[in-house]
Amino acid sequence: MSNRLSLQKLLEGLKHPSSDGFFKYGSLAFAGSVVAIIVLSLVVLAQGAFLALTKFGVSFLTGTNWDAATGFGALPYILGTLLTAFIAIIIGVPISLGIAIFLAEMAPDVIRVVVSNIVELLAAVPSIIYGLWGLYVLRIWVANYVQAPIQGSFGFLPIFGGTSYGLNFLTAGLVLAIMIIPTIASISREVMVSVPTSQREAAYSVGATRWEVVRMSVLSYSRSGIFGAAILGLGRAIGETMAVTLVIGGASGASALPTSLFRPGQTMATILVNQLSEAESGSLQLAALLGIGLVLFAIAFAINVVAQLLVWRVLKVQGGAVE
Amino acid sequence: MQTEKKQSLSSEGVVQPLKTLENSKVRTEDLNAWYGNNQVLKKLNIEAREHSVTAIIGPSGCGKSTFIRCLNRMHELVPKAKTSGRVILDGSDIYANGVDPVTIRRRVGMVFQKPNPFPTMSVYDNVAAGLKLNGERNHAVLDRAVQRSLELAFLWDEVKGDLDKSGASLSGGQQQRLCIARALAVEPEVILMDEPCSALDPIATAKIEELIASIKENYTVVIVTHNMQQAARVSDFTAFLYLGQLIEYGETTSLFENPAEELTERYLTGKFG
Amino acid sequence: MRRFKDRLALWLGALCAVLAMIPLISILYEVVKNGASTIDIDFLTAAPGVIGQPGGGIGPAIQGTLILVGLTIIIGVPLGVLSGIYLSEFGDNPVGRTIRFLNDVLAEFPSVVIGVVIFTLIVLTLRSFSVVAGAFALSIIMLPVVTRSTEESLKLVPNSIRDASIALGIRRWRTTLSVVLTTAKSGVVTGILLAIARVAGESAPLVFTILGSQYFFSGLSSPMDALPLRIYRLALLPYPYAQAQGWGAALVLILMVLVVNIGVRLATRGRLYSKRSRA
């Protein structure tokens, strides 16, 4: 019966086109632009990369050369992206979690306001400035206080080989870690805050300490939301460009393979920045670069969809006001 | 000629429609309403006579608010809401094909339970909103309408010194009178009031009841109230609803003094509510 | 023992907070220390000098950023606000939910990918780097952010306000624009300001669209400079003057961004305009 009624209304509406209908469908058209942009991006990238993808096929993803003579393979950059993102997550997630727990559960009011504002301001710093800082400051610190001592004692291990004076995968990973902390921390904190008080009270009432309450009630409840936050951070780390470009050293081809933390490298994002604007129109290199763009698009899209699903579901289920 | 008009449940438990339609401003014919699959109003036949106050009373959940929202076609704005039956305003069905609900709402105004002045607008702009946002630009016209409406709402003296102050800065009772003025400014024929005093203190309530008594000479008022004494004070006719059905309708004095239905009597004497 | 663990947890948490604050403090410190001495009127208004020789300034870069921000506002704000209106007022249905979801996905998208798409679509097609391309790229980055914040601000307006307006016989579109939107005005504006601050700092998409330039603005279809881009180009040069200028430009940029952010934060202190102010 309700279907009949709404069909009736629709027909009435068509007979008397109203300014309201215009408004509703007009604004829908604007809102739909988001969908159009995503689809358009996919089409544009796929079309541009066509040349390279058809020529190299799967070896585009597994090859390591990078020149017009011997072919273009994106493997080193894919691995470079994965390694730097991995470092960022390994370092960033625990610290973010610590901050989130500290702010959500433990910090006294004044400290909480100060710290949370500072963390949110961290998110507002443009990435190029992170890059600048990484290039002139962090790199030196890594070269002197991390690379030198480690290489002094363990330099024989291949993972610690290479000379790079701080412009390497490790520095890049560190900068990324710092950049994703605000994201992961603030979403985790929201997830934790939306855990119903009744859960906490239940734990307190059996005599648990504050930390035990956190462990028993809050963390287990928030698990998938925190996981979603980490995935969002991962997505950010994978797509981050300028900061990484300035500290990763810019290698290319087979020498860009991430065989050591202390070697210079390249990620999918950075090779685009380094080479795309000079690539010749119609060339194989351009197609190869666009192929990398396509891979980056696909990975970023997939990660963001998964992360959104996790975070959305958790915040909605726990009644948090996410929308 | 005031004839005693009472309705009573027939043996099938369905209310018989009124026999005479004199002075009827708005009446419903077999009005049903649903939220999704839940039927909230069942075959209601109620009328509100011109230039009178009709009160709708009944326990919580009996459908009073839903009922008056059917009178200005606001019920249908809720997702999955449905209606059937007719609502006759001055002889024509407001639910007929091709009727624009917006024009109905200009003829049938509404005041809500919790005062809801537009927060970012001044007192003046609040009252003028209905006219302004429908295209009236003439300042003289607007000024006159604002003053007239505020006077009708017994608010003019209190705010005339500063019409530019924010609507939200008034007290609760003043805000509700502001909302009444706002509704009156578009010169509707019927005013619907959904428990207009339930959020107000007794003094503010008294002022609004005074206001209602004074505007009924020129308007038709339908007021929903959970306060029986208020219904007795303020209305000329009363309809008692229970679980979406009309149990009894009649002149207020006779319904209260001498209810025809046992259910009505039990409600009025507080046996349930 | 349990007491101890509890204490330990507190101190570890505090340690994490401190660890996160160190980089911010270091960045601010370095930017101010190294950049302050470079800044003077000449630096802010002059064009860059010959590469390799000290002198010159970041005038075109500042101008470029302002022009880009202006264009992006023109393109992105109406688009974003109207999208937000749709999602808030009409979006409670499967189509709306899908759009909202994809909007949030686009909001987290790497800006470099968007730059690459615009590069292929506009720069390659028109065979030149251009301001227009840059404006479109930044608008795409800004769009989902403004949509989201507009929707949130509109949703905070209680339904009773909408009801009051509809009951007066005011049409839906008029209600939304003249009543709901004006009530939510400060939240919407705040969202736009924050989106601008974010977009002004983007550099990756600019590398592929406006390319950068030594000169002041010379037409919508020509390349142009912008602050984040200039910082990048300066960072690539091995000269000490370039390093100093880079810090100076960074100081200007970070001041712009932080002033907007802190200003917005102070102006909305105590007002629940966003889900994040749950301190």
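We call the chains A, B and C, going by the order they appear; numbering starts again at 1 in every chain.
Please note the rule applied: a residue touches a chain if its C-beta (ideal position, glycine included) is under 8 Å from a C-beta of that chain, and two chains touch if they have at least 3 such contacts.
Remember, predicted model here, so these are calculated numbers, not experimental data.
Colleague: Please flag the chain sitting at the greatest distance from chain A, going by CA centroids.
Modeller: Between chain A and every other chain, the largest centroid distance is to B.
Colleague: What is the identifier of the chain with the smallest separation between its Cα mean and the overall Cα mean?
Modeller: Checking distances from each chain centre to the full centroid gives C.
Colleague: So what's the Cα centroid distance for chain A and chain C, whole Å?
Modeller: 17
Colleague: Could you grab the centroid distance between chain B and chain C? Build each centroid from C-alpha atoms only and quote it in angstrom.
Modeller: 49
Colleague: Return the distance between the CA-based centres of chain A and chain B, expressed in whole Å.
Modeller: 56
Colleague: Which residues of chain B are in contact with two or more other chains?
Modeller: none
Colleague: Spell out, as numbers or ranges, the residues of chain A touching 2 or more other chains.
Modeller: Only 18 qualify.
Colleague: What parts of chain C, by residue number, touch at least two of the other chains?
Modeller: 171
Colleague: What part of chain A is in contact with chain C in the complex they form?
Modeller: 18-20, 22-24, 26-28, 30-35, 37-38, 40-41, 44-45, 48, 94-99, 101-103, 106-107, 112-113, 115-122, 124-133, 135-137, 178, 181-182, 185-186, 190, 193, 209-212, 214, 232, 235-236, 238-242, 245-246, 269, 272-273, 276-277, 281, 289-290, 293, 296-297, 300-301, 304-305, 307-308, 312, 320-323
Colleague: Show me the residue ranges of chain B that touch chain C in the complex, using the header's touch definition.
Modeller: Result: residues 72, 74, 77, 79, 102-107, 109-110, 112, 114, 116-121, 129-130, 133-134, 179, 182-183, 186 of chain B touch chain C.
Colleague: Hey, which residues of chain C end up touching chain A in the complex?
Modeller: 2-3, 5-6, 8-10, 12-17, 19-21, 23-24, 26-27, 30-31, 34, 78-79, 82-83, 85-87, 89-91, 95-96, 98-106, 108-114, 116-117, 119-121, 124, 127, 129, 140, 143-144, 147, 151-152, 155, 171-173, 176, 197-198, 200-204, 207-208, 211, 228, 231-232, 235, 243, 246-247, 250, 253-254, 257-258, 261-262, 265, 275-276, 278-279
Colleague: Per the contact definition, I'd like the list of chain C residues that touch chain B in the complex.
Modeller: 92, 158, 160-161, 163-171, 174-175, 178-179, 182-183, 185
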